[in-house]
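The same chain A turns up in both complexes below, where it pairs with chain B and then with chain C.
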Partner chain A sequence: MRAALHAEWTKLRTVAAPRWLLLGAIAATAALGAGAAWAAASVDGGATTVPSLIGVRLGQAPVAVLGVLVIGGEYGTGMIRATLAATPRRTAVLAAKAVVLTGAVAPAGAVAVLGSAAAERLILPAADGPTPRAIGGSVLYLVLIALLGLGVAAIVRDAASGAGAVLALLYLLPVLTRAIGGPRWLQRIGPAGPDGPWTGLGVTAGWAAAALLVGGLLLHVRDA
Partner chain B sequence: MTRDRYGFLLLLHAEWTKFRTVRGWVTGTVAAALLVVLFAVLAGIGGGDGGPDVPVGPDGGPVTDSFYLVHRPLTGDGSVTAAVSAPRSSLPRGLADLRPGRVPWSKAGLIIKAGTRQGSPYAAIMLTGGHGVRMQDGYTRDTAGPAGAAPRWLRLDRSGEEVTGLASADGTHWTRVGTVRVRGLGTTVLGGPFVASPPAVRGMGTSGSVSTAVFEDLHAEGGWADGKWKGEQVGPRSPTFSGYPRNVAGSVAEEGGRLTVTGAGDIAPAVRASLPTGGTLGEILTGAFAALVAVVVIGTQFITSEYRGSLIHLTLAAAPRRGRVLAAKAIVLWTVTFAAGLVGAAVAVPVGGRLARASGVYVFPVAFATELRVVAGIAALLATASVLALAVGAVLRHGAGAVSAVVVGIVLPYVLVAIPFMPAGVSNWAARVTPAAAFAVQQTLVPYDQVASVYTPYEGYYPLPPWAGLGVLAGYAAAALAVAAVLLHRRDA
Partner chain C sequence: MSPTGIVVAGLRKRYGAAPALDGMSFSVRPGVVTGFVGPNGAGKSTTMRVILGLDAVEAGAALVDGRPYRSLRRPLNRVGSLLDAAAPHPGRSGRDHLLWLAHAQGLASRRVDQVIEQVGLAPAARRRGGAYSLGMRQRLGIAAALLGDPPILMLDEPFNGMDPDGIIWMRAFLRSLAAQGRAVLVSSHLMSEVQDVADHLVVAGRGRALADAAVDDLVAAVSEGRVTLRTTAAPHATAVLVRAGASVVAGGRDTVTVSGLPADRIAALLGAGAVPFSEVSAHRATLEDVYLELTREAVEYRAATSTEVRR
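And now, the complex of A and B:
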């Protein structure tokens, strides 16, 4: 397991894409948070309430893509065969990927969320600002989204389809369920949660766990 | 036929063969069309909660027709005159606390109307809170009167189906504001003073208001019935009227020949904010989002899979002029996606609309030509988005990156403008310059100058005209294709 972890960490750290995606997540989260706060401040003196930490809604996209690439990229290049030859216990491979991914996304997510919170406080000093609970929840949310990406990519075994599927879950499900207007439970089942990241964290965790479980199972059963 | 052109036809044929023989792409394209239909059906059977019927004006459009009317019957010809004070408006602050506020389109004036049935024909002259004297009829028509300060003498003169509105600053020198022909007015009509007070725009929403005006020197000439002026709320319960603020009601009080009238509501075309239960074609076509992700994935893979399998070497060896390979791919992809989107939307719009109406949802009516534009526009949107994905895929040569860039570029701005808290300026900007501008093709609602409301993309009002919005997306696709062609030419495959 230790060797698998080390291998995954080396793969993640020696490629340019993960670094750029994490930097992109930080920039996107802070930029959208600052932009929304600035817009609210300029419209009517901060009387409009902007959903706190709205930047996470943009920052989750690069994080999800990183999760997808960690395994989807290996299917694209055929690297997965070398990986599985080196570590025949396939669930260990997926577990190592999940651990390394968590280790990379958690600090980057913390920087992103704290940056966004700081920007909101600077621009809208009157507003209450996000609570420590919301900040912690948002970081956890980003980690779960990365794991969801990993699980989905393990299921579809293709980076492009994986990214499409995860982004559809994150962005389209809320739009679609609202348009259908159907039963309330339907509007709460999306991984992005019903009213912002923190409240739906349990649902997000459920999605991530289910995706990893199915992904792990399929990885075990199918030929690579 | 020149050899060149023949060669390009072969290239098109080669790309078509590649597309149709990959099962995932064909299935994905069919699935995209099915998703559009599926979500239209789901949106249709989602259903409404019934409720009273939406009032409909003489031209078939939904209207708001709820206001406080002080009336007497008029048979045949006649006129009514009054000196009207500017309406004073109040807005609720917090619970049960009314404060004076500005409602630019609050209305106090004189009206002649076929009856108290909502949607019945009328003509009215009025003093507004912020737009001076206006003459309005048929719910959508609005004429400005002479400028100047209140109080104003107003007169409405009925002769057959013709109604003339006049205004005066002193009660002796009159200016004609307009003469309108009101069809279906009937012989006996109701007429007299009225007060309306539409919801005021506040932040990202609207909130109900109430207004009061004083009518002096009220006199009626002609075939008016004898008796007292009778106060009545027209359309007290209606999907297009949110009711009075707490602890207020419409009223009329007489004191020494002065009538003090308080009212809320409006006489105007219904817009999205005043008819929130109404459905639009755009909502029926929500499945286009799901289809969008599918076609973007296919568009990306149409080029990135060539790199993965190194088929690109063979492709470029067979057709060394690389720009033409890209053009052939774009043409095949656009055509196939457009056809699939067209079939999906053409089935989804009538089916979804019929199901929605059957389950009691009021759908904003649209002309057949508009329906065709929305169907063709959604198909073109999907096709153009897939070509954009192809071009971005050719630039990045990386499936996941290209899919994310395009999905985030098109869908995220839409999701952001769909947050009701987003200030109108920001969401209108996003709906103007980002690829999400293309969603303007599904616009069916019309904003009105004389109705103050929230006209944002979230409510179904786009800042760009339909085809211009699609043009923005096409611009992105063309620019991306140009970059892709240059890079394809320069880089080794």
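And now, the complex of A and C:
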């Protein structure tokens, strides 16, 4: 397992895309957060409250794509066969990818969320600002979204359709459930969130766990 | 048999209704280059994926050093493999590609630089994989196969996309690997590529091994009973010999291959018919002949089934 982790870490750091996606996530999260705070400040001097850390809703997109690329990209080049020839224990491969992904997304997510919180505080000094719980929850949320991307890509075995599927889950599903209306549980059925500090994190975690479980099972039984 | 090399026994696998492997069995011994030839679709690549534990089979087993590949802990130290189209990430340098593979086996980075030197990739090692020619990708693949210094090497179509220099280099390289006592399995859909390299031949067709024998034995078997005739009057000679019950196949320039009649009888018939000829000798089949002879049925079968499908 240690060797598999080392290999996955080397893979992640030797191409440019993960760096750019993580920088993009930081920039998007902070920029949308600052923009929303600035808009609230300029409309009525900050009397309107904006959802704190709203920038996460934009920053989650590059994070999800990174999760997809970690395995989906290998199916595109055929490199997955080299990976599985080097590490025949397939569950170990997926686990190593999940751990390395978490290790990369967690610090970048922390920078993104803290940057967004700092920008909000600077622009709207009167507002309460996000609680530490909200900050922690948002970082955890970003990690879960990355893992969801990894699991979905392991299922569909293609980067483009994997990214399409995850982004649709994050952005299209909430619109659809809202349009349909219906009971509250239906509104909360998608992986997107969180509405508040920890609200919805359980649902997101459920999605990520289910995707990884199904992806891991299929990886185990299917021909590579 | 001692449990070294590769043993493939009775592999069966189907994709949908079409059988991909239909009882594929052969073995690869240490110290020799084994050529794995057959027309496209004969099951060569599928067999190699099964050996590497990438594809599952419905029946049969493939063992490396007496064990299934998926039970090996650091497999690249036992089996080095090059799969067709096993491409590196286009944005990752060749050296970094080898680096993650080395790390997956707990090998030091020093080993990466050694194999880069060994395959002559040093000038391009730090370039992006996307900028590699097919020949360079093949050298990178060979380097990856050598990383763990394995006693078994398995290369799928390693000559693909190589320039003539590269092909000559590859042949010498494969021979040297076998001379070091390694078991080397090399697949190709072109017999000419493994000619002069392989000591042993596995000819695949329709998902099974049509032959699994030493090259010399195969050539002798196909040559048996055939006579090469050199004549400037090939049509006339053909007419005379066919009338006497022989079958005649055009060979190279001014030569035909005759079967069904012994050499002395051929000479007598041509003399009686006043047909000029300069040589009558026992035919020495080329590996190409062996291949065509063995795979003819398999190719015909494929042609027949594809017509049926069209209808």
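Please note the rule applied: the second predicted complex is superposed on the first by the 219 of 224 C-alpha atoms of A that agree within 3 Å, B and C clash if a C-alpha of one lies under 4 Å from a C-alpha of the other, contacts with A are read in each partner's own complex, and residues count from 1 in each chain.
By our rule, a residue touches a chain if its C-beta (ideal position, glycine included) is under 8 Å from a C-beta of that chain, and two chains touch if they have at least 3 such contacts.
What you see is a predicted model, and the numbers here were worked out from it, not measured in a lab.
Which holds for A:223: it touches chain B only (first), chain C only (second), both, or neither?
second
For A:163, decide between first (touching chain B), second (touching chain C), both and neither.
Only chain B; A:163 stays clear of chain C.
Which partner does A:4 reach: the first (chain B), the second (chain C), both, or neither?
The second partner, chain C, only.
Applying the document's definition of touch, where does A:210 land relative to chain B and chain C: first, second, both, or neither?
Neither partner.
After lining up the shared chain so the two structures overlap, which partner does A:79 touch, if you call chain B first and chain C second: first, second, both or neither?
A:79 contacts chain C only, not chain B.
Just to be sure I read the superposition right, which of the two partners does A:87 touch: chain B = first, chain C = second, or both, or neither?
second
When the two structures are overlaid on chain A, which partner does A:122 contact: first (chain B), second (chain C), both, or neither?
Neither: A:122 stays clear of chain B and chain C.
Which partner, chain B or chain C, is in contact with more residues of chain A?
It is B that touches the greater number of chain A residues.
What is the shared patch of chain A, the residues that chain B and chain C both contact?
17, 73, 77.
Which residues of chain A touch chain B in their complex?
Listed in rising order, the residues are 17, 32, 35-36, 39-40, 42-44, 47-51, 54, 57-58, 61-62, 64-65, 68-69, 72-73, 76-77, 158-165, 167-168, 171-172, 174-176, 179-182.
Inside the complex, what are the residues of chain B that reach chain A?
Residue list for chain B touching chain A: 39, 42-43, 46, 203-204, 283, 286-287, 289-290, 293-294, 296-297, 300-301, 304, 308, 398-404, 407-408, 411-412, 414-416, 418-419, 421-423, 425-426.
Applying the document's contact rule, which stretches of chain A touch chain C when the two form their complex?
For this pair, the touching residues of chain A are 2-4, 6-11, 14-17, 73-74, 77-79, 81-89, 221, 223-224.
Show me the residue ranges of chain C that touch chain A in the complex, using the header's touch definition.
Checking each residue of chain C against chain A gives 49, 52-56, 69-72, 74-76, 81, 83, 85-93, 96, 99-101, 103-106, 144.
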